[in-house]
Amino acid sequence: MHNVDLIPGDSLLTKTPDEGRQLAIAIARRVVKATQPDAATRERLREVYAGDAALLLQVCQIVATEFATIAAANGYWRTRHDEP
Amino acid sequence: MHNVDLIPGDSLLTKTPDEGRQLAIAIARRVVKATQPDAATRERLREVYAGDAALLLQVCQIVATEFATIAAANGYWRTRHDEP
Amino acid sequence: MHNVDLIPGDSLLTKTPDEGRQLAIAIARRVVKATQPDAATRERLREVYAGDAALLLQVCQIVATEFATIAAANGYWRTRHDEP
Amino acid sequence: MHNVDLIPGDSLLTKTPDEGRQLAIAIARRVVKATQPDAATRERLREVYAGDAALLLQVCQIVATEFATIAAANGYWRTRHDEP
Amino acid sequence: MHNVDLIPGDSLLTKTPDEGRQLAIAIARRVVKATQPDAATRERLREVYAGDAALLLQVCQIVATEFATIAAANGYWRTRHDEP
Amino acid sequence: MHNVDLIPGDSLLTKTPDEGRQLAIAIARRVVKATQPDAATRERLREVYAGDAALLLQVCQIVATEFATIAAANGYWRTRHDEP
């Protein structure tokens, strides 16, 4: 594994579901970065999966799985943390 | 990631299971949008997976995974929220 | 998404595990219907996946995932609801 | 969906983990039966997936997913039910 | 299904996470054995998936899924059972 | 299965989410090692999946699944353990 920060901010807690969703996408990408450290190769692969129906759906499946964990960590944001 | 609202209404809470299911479909689509920002390409890919048995089943798998999270967030709607 | 009822009866609660299993199959099918609204195309795809080992297994995986949610919603039917 | 019993005994509760595992395999098979009612076709497909590495692994994935639900239903058999 | 012991020791409880991991691998293999009872065929398929990147990753996915259940059964080994 | 340590430190508990993520990657790799003991073959397969979009996404899916278990084991790191 290459030395990359695997979780931005090193926490699963976010203020809102939307930020939780962004975090799900971010942590999935960092696994790609740790597995394929060459930025040019990653860019090429990214164009492949953004234009292929099956791969795009695979991306959705990963985000859904990561998000399940983040949502549980945040108690599903049933009580909002962004209010005074 | 492109700047799109990833969760409509920024909440996982819905009044009914049916609305939870709609939300599951909606949040999956927004991952597609964030990954492939070009609307014409998305439209082309959508026709691909709507007419292909394997891809259509992949869509079902994603919705099932997203829905599991939304259902847990809503306590499985054991107590209905839409009654007076 | 096309306007279909996504959950029959708009509830995850069923009397028995068997009915929960039927519901799992039913809600998966409605995602297919929402994604591919043309009945003739759906019928053609259905024949494809009913005769293909890999696709048939993909159907099983989806049903297993949907059923996990429905079973949790029903407290795994540890106490039966169909007794007087 | 064809009219088959989807869960033998209509219960997720089993005496032992081993019986839970058997149930996981049984309920997965009944989804195959409900989706492909023709016994001869099922037999042909079964030979296909028993001799193909990828499909055999797909079977394992399904059983793992079904078993997760059954294990949760049984409180993971932490207390054995088969003792007097 | 062929008559094989599906869970060694007929219990999901293990002393350590490492033993839990071994159990995850073991119970996945017994599904292969139950589905494909011919030892020679299994050996041939095993060489296929040990030398193919996609199939090897599929094995990892199965083990991850089985392990999730075993880890939950053991309360994630937060309190170690192997101390006096 | 070949005799490898399947979990480094034989524990699912980590100080931070980032270390939990590293553990998720590490335990997935050890399944590869247990299934394919030949280091040269593993190195060749690793180059295959690091350069292939579909396989790279499969790696992400595995890590997401392993991480779900590790995160649950650590109570999602809601209370940080690295403070005095």
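The first chain written gets the first letter, and so on, giving A, B, C, D, E and F; residue counts start at 1 in each chain.
Keep this in mind: a contact is a pair of C-beta atoms (placed from the backbone, for glycine too) under 8 Å apart; a residue touches a chain by one contact, two chains touch by 3 or more.
Everything quoted here is computed from the prediction, not taken from an experiment.
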Quiz item: Chains shared as neighbours by chain A and chain E?
Solution: F
Exercise. For the copies chain A and chain F, give the interface type as same if over half of its residue numbers appear on both sides, and as different if under half do.
Key: different
Quiz item: Using CA atom averages as chain centres, what separation in Å is found between chain B and chain F?
Solution: 28
Quiz item: Where the centres are mean C-alpha positions, what is the separation of chain A from chain D, in Å?
Solution: 32
Practice problem: Compute the distance, rounded to whole Å, between the mean C-alpha positions of chain C and chain D. | Solution: 16
Quiz item: Residue numbers in chain C touching 2 or more other chains?
Solution: 49, 52, 54, 58-59, 61, 65, 68, 72
Self-check item: Chain contact topology (line, ring, star, complete or other)
Solution: ring
Practice problem: Starting from chain A and stepping next to chain B, give every chain of the ring in the order they occur. | Solution: A, B, C, D, E, F
Quiz item: Which residues of chain E touch chain F in the complex?
Solution: 16-18, 21-22, 25-26, 49-54, 56-61, 63-65, 67-68, 71-72, 76-78
Exercise. Mind listing the chain A positions that touch chain F in their complex?
Key: 1, 5-7, 10-13, 27-28, 30-32, 34-36, 41, 45, 48-49, 52, 54-55, 58-59, 61-62, 65-66, 68-69, 72-73
